[in-house]
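Alright, structures below, take your time with them.
Each of the two complexes below includes subunit A, the first together with subunit B, the second together with subunit C.
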Partner chain A sequence: MANMRSKINEIYALEQLSGGDSAVHRRHPLVKLVSAFVYIVLVVSFGRTEFLRLAPFVFYPVVLMALSETPWRIVLGRMALALPFVIVAGASNIIFDRATAFTIGGIAVSFGTVSFFSILYRTFLCVTAVLLLVAVTPFAQLTDQLRRMHVPDVFVTLFEMIYRYIGVLLDEASTMYTAYMLRSTEHRGLQMAHMGSFVGQLLIRSYDRAERVYAAMKCRGYGGAARRGARRKLQPADYAYLALTCLPFILLRLVDAAAVFERLF
Partner chain B sequence: MHMADALLSPAVGGAMYALGAAAVTYSAVKVKKDDLGEKKLPVMAVSGAFVFAAQMINFTIPGTGSSGHIGGGVLLAAMLGGAPALLTIAAVLIIQCLFFADGGLLALGANIFNIGVIPCLLAFPLIYKPILKRGFTFKRLTAASVITVVVGLQLGAFGVVLETLASGVTELPFGTFAVLMQPIHLAIGLIEGIITAAVLGFVYKMRPEIMESTVAGTPVGSQVSVKRVITVLAAATVIVGGALSLFASSNPDGLEWAIINTAGTAELEAADDIRQSAAQLQEKISFMPDYDYATAGEEGSSTGTTVAGIVGGAMTFVLAGVTGLLITLSKKKKGAAKA
Partner chain C sequence: MIEIMNLTVVYPDGTKAVDDVSLTIRDGERVALVGANGAGKTSLLLALVGVLPLTSGTVSADGLELSKKTLSDIRRKVGMVFQNPDDQLFMPMIADDVAFGPRNYGLGEEETARRVDGALDMLGISHLKNRSSLKLSGGEKRMAAIATVLTMEPSALLFDEPTAFLDPKARRGLIGVLKKLGQSQVIATHDLTFAEEVCSRTILLKQGRIYADGDPKILFRDEKLMDDCGIEAIM
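Up next is the complex of A and B:
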């Protein structure tokens, strides 16, 4: 139950960030969506041990985060959720793949070690790219963009509503849990004997909430199909954003910058 | 069973996207055509939130050190019908991908296919519906749920194997991967099937017409009060969530476990031929066409990684960090000047 609260906080934290006003936030949702997608495809298209060639890709999250004033804490916190599995997988890599990749100062570094760091790094890049997209694009703009991209209206509306209902269901549960814990000082968690009334109560409440949410939507003129926002044209700045976020990385994919760099020495 | 971006090559990811998009479009058109309407939408949404809550919880599979979570496809299909269930599952998968980094953005199409299309549009109409056509009984309902979930999950797991293979992921030998994936998902499927049967049995007891109508293919909205359906689903959410929380585990789930045991790695590299063709392309476009990075590191290094390379990499990170810092500082200055 306690982790429900943190799940809700996770969702809301990202959505709150998306309300910011920065050069990145102001860009058209389409270019943000496209650039994130292109970036992830490029990152994934590298081989497992091509760690160095991926190094310059760190500019994407760093620069975007600085420009959009996205706090590192939130993104790294979300990373932490993905990490336990990645670390287990990476560690097994170190154990199984012992062929020496290169030696540095007499110490042999195995492919497993290289791929271990590569796994962590790639996870970091892909996860931050997706989280950044959500952090700089308001939810309404994102779904509006999906509709314009001819994603079926029923689906987008469903997507929006599930997103809201998750909060309704989880929020009610955690509020009740807090109230329960304040009244029950002797015990650490929910007692089995109270499960029935607790669950029953939660049931009534979440249903009432869901119905009120739906009624409120109806009162505000909701009639099945969502209303579209005003059409936004792509500005020169949007094209510039697209070019700046995509072209350098496409170039880095095609040209082995690390090798070129080594060549210079 | 959520696939990560690293499991797929861009080509396979793209192809699966097309399939997933087609399935979503088909379902959306079908939902619209059947005029399941606005009244059904809140039910679908609450069901989605229910699956979301259920999928958050991993339960341990005894004896394997592995754990699984509910896909929920069959459960939703039984409650809502195939097409609405697919839409709901797809929406849940997108939310998980965007907000929780669970399943990659590139892998979204593959995940919609494995977790949504297979149980909702294949297993449900081909197995579940025929079994229950002859009439509803608890026994038949249980059998239908368990068999449909097991078959759906087996096909889904096999889909993961095939997609991984098609991505040219040579690290995983097909046989070993399949031999590990299938039995694990059989175990997960049995557990999920039993849970699904229990939830459906409960719903059937409360509101039998909902589930009979999905088999008959008539819209629910007209005869069934939306209120009751939502109530029952919310109850199921709480019961499943509450019961499974007890088993919640931090162990890797079935897919993760299988990959770790097959490749000794959960990260998969692109096939040699793909890499070679990329290298050839690169050679053609490269500033220094005579420079072949694959053989460059022959003296004690096969990746071409040298001390200079490492220094270069480190410098890149430092440079990126400094850039970020400068932007942040200049923004702060601007903010201070404005104030």
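Up next is the complex of A and C:
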């Protein structure tokens, strides 16, 4: 029960940070979205073995985290949720691509291993960039901006609804699980024999609760159609943010900094 | 002002939740809706904001009659505070929840921010602005739920069991807040001492119909009347 409650808190922990007032928080949502998008595209565009060239890209999340005063524990904690999927996906590279890429102290390192760590590192960079975007931009501003960028309304609304109702579902599950455990003689968790009725009840209760939440939304003017907030003008500081977060990384993508450095010295 | 004329609400299964109710709530008046479970209190409130469809009769707020066309305007004029604040607080942060109404009504961010700060300040919960509702106490949630409605600057407020989930201190705080608000208020409640302290008028409901309408100080002490409605009188 406490675990489930803490999961609900975890889900919304990052969003609570978005109400901050740092220089990054104050930037226009458009530049934050574009900056994160450009960064992710650049990270993904590298070849699977260009591990060293990707190294400087770690500065983006590190600097943003410092400037926005985002606690790294929260970001890394949520980042860890993606790891199992990436490890499973990346492990196949180690198995199938065994050609030697280089040797370290007589030990051959395969292209598959390099590729595995490259996938791991790139996932870390991309997921962290998205988590930071959420941590420094209020959810309503984010979805408003997505609509302004002509992302289909149905996708944005779906995204909003899933986001809102996941808390409702977990909350109902948590309450039911507590009631179940308090009357369970063995205290060993949910038994298979009760799983069907538990899940069925959870569905019905969540549906009922979702109806009440929707009624409350309707009472405050929600009609299914998205309403946009007032258009916010881009300030010089927004352009500066965009330039500072995009240009260095575009340059690092176009120019092999290590090779240039080698040639110079 | 809210005017209800011959209002009837029938559920799809044939249950008559509200039966031929006619009622006028004057500007600034605080009215308690009292009745046993299933008497039709919540159904009546939900019908007033068009969440439940009217089977027959009319409802109007400030002269505007409730219809599909006017639904949005009516909901702006009449704010509903639900029984369970968790149903009303669904955004990641209280500030977003409180801003939800003004944003839906297309108000600018500056005006929305002004209203959000004003409502939170008035209820003394400015410190909750950037908190998640998941971490609030029952009393704090209740205040936040009221703030979500106040930002729409309605002329009337509907409360469904506002003292549910509250401890005595939070209940006392709520009484102070409700007395401070200038809007007309319709409060569905089982809490008779609360209703007596806050409201100048009480409507007793029985099986969806108005059974009595009068001063709570008199009605709540009428043992026979209260017993007929399935409620325990104040001794």
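As a working rule, the second predicted complex is superposed on the first by the 195 of 265 C-alpha atoms of A that agree within 3 Å, B and C clash if a C-alpha of one lies under 4 Å from a C-alpha of the other, contacts with A are read in each partner's own complex, and residues count from 1 in each chain.
Criterion: a contact is a pair of C-beta atoms (placed from the backbone, for glycine too) under 8 Å apart; a residue touches a chain by one contact, two chains touch by 3 or more.
This is a predicted model, so every value here is computed, not measured.
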Return first, second, both or neither, reflecting whether A:69 touches subunit B, subunit C, both chains, or no partner chain. first
Touching A:245, do we find subunit B (first), subunit C (second), both, or neither? neither
Could you look at A:41 and tell me whether it touches subunit B, subunit C, both or neither (first, second, both, neither)? first
Touching A:260, do we find subunit B (first), subunit C (second), both, or neither? first
Which of subunit B and subunit C A:145 touches, first, second, both or neither: neither
Applying the touch criterion given at the start, work out whether A:212 contacts subunit B, subunit C, both or neither, answering first, second, both or neither. second
Please work out whether A:221 is in contact with subunit B alone, subunit C alone, both, or neither, and reply first, second, both or neither. second
See if subunit A has more residues touched by subunit B or by subunit C, and give me that chain. B
Between subunit B (first) and subunit C (second), which does A:174 come into contact with in this model arrangement: first, second, both, or neither? neither
Quick one: is A:113 in contact with subunit B, with subunit C, with both, or with neither? Answer first, second, both or neither. neither
Subunit B and subunit C footprints on subunit A, overlapping residues: 164, 168, 223
Where on subunit A is subunit C touching in the complex? 5, 8-9, 12-13, 15-16, 18-20, 138-140, 164, 167-168, 171, 209, 212-213, 215-223, 227-230, 232
Please name which positions on subunit A make contact with subunit B in the complex. 1, 3, 7, 10-11, 14, 36-37, 40-41, 43-52, 55-56, 58-59, 62-63, 65-67, 69, 78-79, 81-82, 84-86, 88-90, 92-93, 95-97, 101-104, 111-112, 114-115, 118-119, 122-123, 126-127, 129-131, 133-134, 151-155, 157-159, 161-166, 168-170, 173, 195, 199, 202-203, 206-207, 210-211, 214, 223-224, 254-256, 258-263, 265
Which positions of subunit B touch subunit A when the two form their complex? 5-6, 8-10, 13, 24-25, 27-29, 31-32, 37-38, 41-42, 44-46, 48-50, 52-53, 56, 87-88, 90-92, 94-95, 97-101, 104-106, 171, 227, 230-231, 234-235, 237-239, 242, 245, 250, 252, 256, 259-260, 263-270, 275, 278, 281-282, 285-288, 291, 293, 296-297, 300-310, 312-313, 316-317, 320-321, 323-325, 327-328, 331
For the complex, which residues does subunit C have touching subunit A? 46, 49, 51, 72, 75-76, 79-80, 82, 84, 86-88, 90-93, 95-96, 99-101, 103-106, 108-110, 112, 129-132, 134-135, 148-149, 152
